[in-house]
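Across the two complexes that follow, chain A remains constant while its partner is chain B and subsequently chain C.
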Partner chain A sequence: MAIKQIAPELSYTPTKKKGFYKFSDSGIASYLMLAPFVLLFLVWAVYPVLSSLRLSFMRYNAICDEALSPCGSVGFGNYTYLILQDSRFHKALFNTSLYVIGAVTLGLLASLSLSLALQADTRANRVLRVIFFLPSVTSGIAVVLVWGWVFRGDDIGLLNSLLSTFGVAPVEWLATPSLAIPILIFMSIWGGAGFGMVLFLAGLNAIPAMYYEAAVIDGANRRDRFRYITLPLLKPVMVYVVITGTIGAFQIFEGVYLLFPTSVGSIGGLKDMALMIVPYLYDMGFNRFRLGYASAVAWILFAIIFTISLINIRVTKSLEDLR
Partner chain B sequence: MKRLGVISVAVAVAAGAVISAPANSATKVTTLTVWSTGGDADALVMGAAGKAFEAANPGVKVKVEAIGWGDGYAKVLAAAASKSGPDIFTGGLSWGISAGDKGALADLRPLGVATSIQPKVPAQIYKALIGYKSSKVYAVPYDLTLMMMFYDKTTLKNAGVTSAPKTIAEFNAAAAKIKAVSGVKNAVYNEWGNGDWLGFFSWLYSSGGSFYDAKCNVTINNATGVDALTQYKKLYADFDAPKPGVADWSMNDNIKGGKYGIGFSGNFQASSYYTYYKDYKNWTAAPVPAAAGKKSVAFIGGRGISIMGYVPATKQRLAAKFISSLYNVDVVKAMNVVGAANNAIFLSPVVDFADTIASYPADVLATIKAQLKDAQGPPNCIGWEDSQNDVTSAVQKYLFGSTSAQDALDAAAKAMKSRA
Partner chain C sequence: MNAKRTEKRLERKNDELMERSGNFENPFETKGKFSKYARVPIYLLTVVMIAPYYWMITSSFKSVKELQKVPPTLIPEKWIPGNYWDPNYDPNMYQQDIMQGLFQRFTKVQFGFGRFFLNSFFITTTITILTLLIGSLAAYVVAKHRFKAKRAIYLVIIGSMMIPWQVGLIPGFLLVDDLGWLNTFWAYIIPALPKAFIVFFLVQYLSSIPDELIEAARIDGAREWTIYFRIVLPLLKPAMIAMMIFTAIGEWNNFLWPLIITQSQDMANLPVALALLKNSGAGNIGTQGVIMAAALLVSMPTIILYFLTQRHFIRGIALSGIK
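For the complex of A and B:
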């Protein structure tokens, strides 16, 4: 009864809005406010992407002289040549796959280990977190150039100088094909583990402490707590780190470009030991101006990253469904 | 107050524009923009030619900008695509053929440049700038870079080698002796084209081989090619030449210091050396070794000079006039004065002009001139530009891998044929 008496007082009667307030509530205002972004997005993102898709089916060098170098459709010619005949592309794809597997897996382990080691909120850990995070905010080119001095061959390189003090003969770090990808993986972990650590730390701090307390009461040891609480609850962060890490790893460029050039302007180092997809794309697009062919390389790279990301998400989801 | 300040600035700018307008229209200056591929010193050398041209042509200003070797070709093509950029550029020998074939460059024949310059420069270097089967001329030689053999007389003397090796057999014997000398870390050092097609070139051609024959049939994988590649491998396997990426600078210092025995590099090393060690007499150069009974055929590179296709016809004529001025001995002298002061001695494609280089000792100058006589430029065959990586990759599979010389060269030949 009392409710009935009170109810009319609580009922909401919308007041009629006028002028600006009426306009801001209408859909038009939202679209108008979105328009600048949408316009820029269409011009600078969607159009170039669609253009590159079109170019990937063309012979195109931007000059397109009618008589000397006509540009035109080649159908799937660029794709079939890349996939079936281009041995340098195959080498680049193989090298990149090895690099991605190594850099993402070991990078994930390094980030997770760092975050677990530095989880406690002590002064020393805070300082260490900053130190480990620093490479992530340092210029990539500068870092690669420093690594170049570290791995320099002969007895001039920092690492070789260090080894020589122990009587070890100089190692041809950047001229030994079997060392090229491990070096690039090492550089990637050194540069990226700190960023992954920060993400994992955020994930770890979001896990309620009561889960661990309950597990301790139930007799779970540290290993069980890590396996049955930490790892499952960190899965979203892990998926994010793996996907962004995979995308980043597929796009490796500076390290190869600066550390593994050849003396006559090509990219990839001795025996193409460090040739990766993006440097190869750059070589085709900007050293040779085969822009159509380079676009096809870019779309194949996109297809690979898209498929791997999709598989990653699906696998993670099915694992969750199984639980 | 703030508004008053803004108004004052606007008035001053407008007044300045009004005052300067008659002056600008009275002395109309035509600016020729030249992109010089290389370092800042190379741009300064070109600048000397620009000043000479400005003095001879009032109302013309030559603006020289340096662009790097790494992305120079891409910049030139990007300029051609956007139809804005330089009027003239210097760049790699093959750039003229490849950019010209894309329609980026002006044909130099109707401008009178090609016919006037062709008789002045070595035929083989002129040929390297003209596309096979092409009648058009998109570039003429601007300067030369020549592969040579460098050594220190003291090191050879310590090894019991009395003179520079002339034949490949003599070279192998000398390198083996040098290797045994105390203090020599690497008996041989390849500085230019280390482990790639360019480094292999001189060994191949000096053995009587070639990448293609005169009709552009691929010949790299014949018996001579295999012998030459086998010899090239000796440099790494027997004489400790450092692989690419191990140590690639200070060749001169290391030869002078006795760490490296014999070095193979371009004449730019002589330029650099004689700028720093003017009074040191033991460091010298010799032609690259040749197989018994064959000529010493060094790789000859350098830069070509071209006019962009989008430049208006009247300006193309002015650009052509500027290019022609580069083959004048007084202009070359002026360029060499600037070059010597900036560690970038200019080697004109007019061989006799080498005598204007005051910085080189007589024996080095004689070697340069002798080596120029039979030197060969890069092939001008269709597909060569795109085959270079394949050839390098194949060569390296033999040099630093387990593939046989014949298999490596067969793979290179297959790629060269497919690119043609």
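For the complex of A and C:
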């Protein structure tokens, strides 16, 4: 009562909100600011995902001619064929799994050891960190082209000419099925270890030095400090590196596309030795225009990535609960 | 003024965080016998890291004759510019030792290889500016407006990050086709604009900025757009710079989407042009020098950008990874 008499504008009386203010305190500005992103997002992110789900249950090609190449629903046909019968897809799945396991585990080890080796803040280390990080900002295609030369099968190939000085006969690096995946794994580590290293360095730097000081006072040696302080405290970074690394590795495309072409305009190299999921998707979608089938491949890719991320998070959670 | 101070404070806090370290040496611990050699593997690895770049640079200045040498020369016997531009080149007659330089190829395309630079530059800058503008506007509304359904909208945006982008690849292609955008800049730019990660990152960053700053401006009677341009944007600067660099490098190196939507050479971006170049002279050793020249030119801009913005870059990765 008193306040109302002294300063009536300070007293609170709920007013009925009108117009745009009904939904937002900031009125129409909220809508105008949100609209460009949301509209574009609906058209170019939400719609394609929903549409691809629909396509994945269809036989669909860009022509859709009744007589030549009819389109229409096939139910789960695409999926059952992919999972049960398509041996090329099985090959792609197998290759990708091998590649992902190798690239992620070795990549994790490489980036962790790099970060430990280069963590001291000296001038030399700063330079080395830059060098190891360079591939992350270099065009993947440019790098793949250099590797293409390194692994050339004739004696002009760099690796072969290096070997020939030791008297070893030229090896057909890119035409030997057992070497395809290891070469791709090597390229992935060369290209990705620096990025993981930067993440680990940030994680290392976030560990307060006093933990180590306390540990030293308690008589912990170098190895104990690593085992009981560094490793546990780096775990969040490790989970992040593994999850993002796995997702990235499943999507490998450029290396396969450029280094392992096959003569008939298809992808995957000799005997599909380097065929992976995304190259297979590209092959089905844009070489053969089996767009429905390719969409089903994309959704299987999603299912795999999603499950693995979930498992990753669950496993780390349950390990935490154990402690 | 106030905004500037907060920004400074955040920056300082960040730097402090970086300086605290898991990098701890016990001054009383004796080092092992072999610690003198502990750095040797790192230096060997450094050589492996640099080698592809070294090869790109040196072999782009070698003559065809020198490129064919076994074993290859480490340093060019004679540095020649022919892989880029050979002044003696005459398209009407073939002569030995005279090369068709990089900028003398792609004769059917206006400006030759330079055209791809223009394409890539235009696409990258446009996408980077627009995507950050609409992304930051949306992030501001999500983080700082009281807005009905904003939680739901934000959830959809974050959720979309779990879906690999290849899932929307085929419907995206069909949509671009229906709009008649195939082989145009529209197809490059518009679908690339809504980036969920940018909104996510900026919302995270904004939520660490106190609401009072914005409330105060509102009480002073500032309109929403004024608040956005005068207070929010300056506060977001560090985060925006990091996102700008990421987006620019990502778009510059983008390959699969451009590969699908370009149908004529003159609309290719640089990575697609590299692939075209590679496929045009697949096994021919004579084109290797030209390919290396192109790979070098394509990689340079992002590497330079990285060198110029290193601090922001590394901090950006740390911010996005460790949160």
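Simple rule for what comes next: the second predicted complex is superposed on the first by the 289 of 323 C-alpha atoms of A that agree within 3 Å, B and C clash if a C-alpha of one lies under 4 Å from a C-alpha of the other, contacts with A are read in each partner's own complex, and residues count from 1 in each chain.
The rule is simple: a residue touches a chain if its C-beta (ideal position, glycine included) is under 8 Å from a C-beta of that chain, and two chains touch if they have at least 3 such contacts.
Worth saying up front: this structure is predicted, and the values here are computed from it rather than measured.
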Chain B versus chain C, judged by how many residues of chain A each one touches: C
Touching partner for A:Gly269 - first (chain B), second (chain C), both, neither: first
First, second, both or neither for A:Ala62, with chain B first and chain C second: both
Contacts of A:Ala92 with chain B and chain C, given as first, second, both or neither: neither
Touching partner for A:Asn287 - first (chain B), second (chain C), both, neither: first
First (chain B), second (chain C), both or neither touched by A:Ala202: second
First (chain B), second (chain C), both or neither touched by A:Ser30: second
Touching partner for A:Tyr47 - first (chain B), second (chain C), both, neither: second
Which of chain B and chain C A:Pro177 touches, first, second, both or neither: first
First, second, both or neither for A:Ile156, with chain B first and chain C second: both
Chain B/chain C common contact set on chain A: 62, 156, 286
Residues of chain C defined as touching chain A within the complex: 17-26, 28-29, 39, 42, 45-46, 48-50, 52-53, 55-56, 67-68, 70-72, 134-135, 137-138, 140-142, 145-149, 153, 156-157, 160, 162-164, 166-175, 177, 190-191, 193-194, 196, 199, 223-225, 228, 249, 252-253, 255-256, 260, 270-271, 274-275, 278, 285, 288, 291-292, 294-296, 298-299, 302-303, 305-307, 310, 314, 317-318, 321-322
Touch list for chain A against partner chain C, complex: 23-27, 29-30, 33-34, 36-38, 40-41, 43-49, 51-52, 55, 62, 117-121, 128, 130-135, 137-143, 145-150, 155-156, 158, 161-162, 164-165, 190, 194-195, 198-199, 202-209, 212-213, 216, 221-222, 225, 229-230, 233, 236-237, 240, 247, 250-251, 253-254, 257-258, 278, 281-282, 285-286, 291, 294-295, 298-299, 301-302, 305-306, 309
Chain A residues within the chain B interface of the complex: 61-69, 85, 87-88, 152-154, 156, 172, 174-175, 177, 259-260, 262-266, 268-272, 286-289
Chain A partner contacts - residues on chain B that touch it in the complex: 69-71, 73-74, 77-78, 80-81, 100-104, 192-199, 242-248, 385-386, 388-390, 392-393, 396-397, 400-401, 415, 418
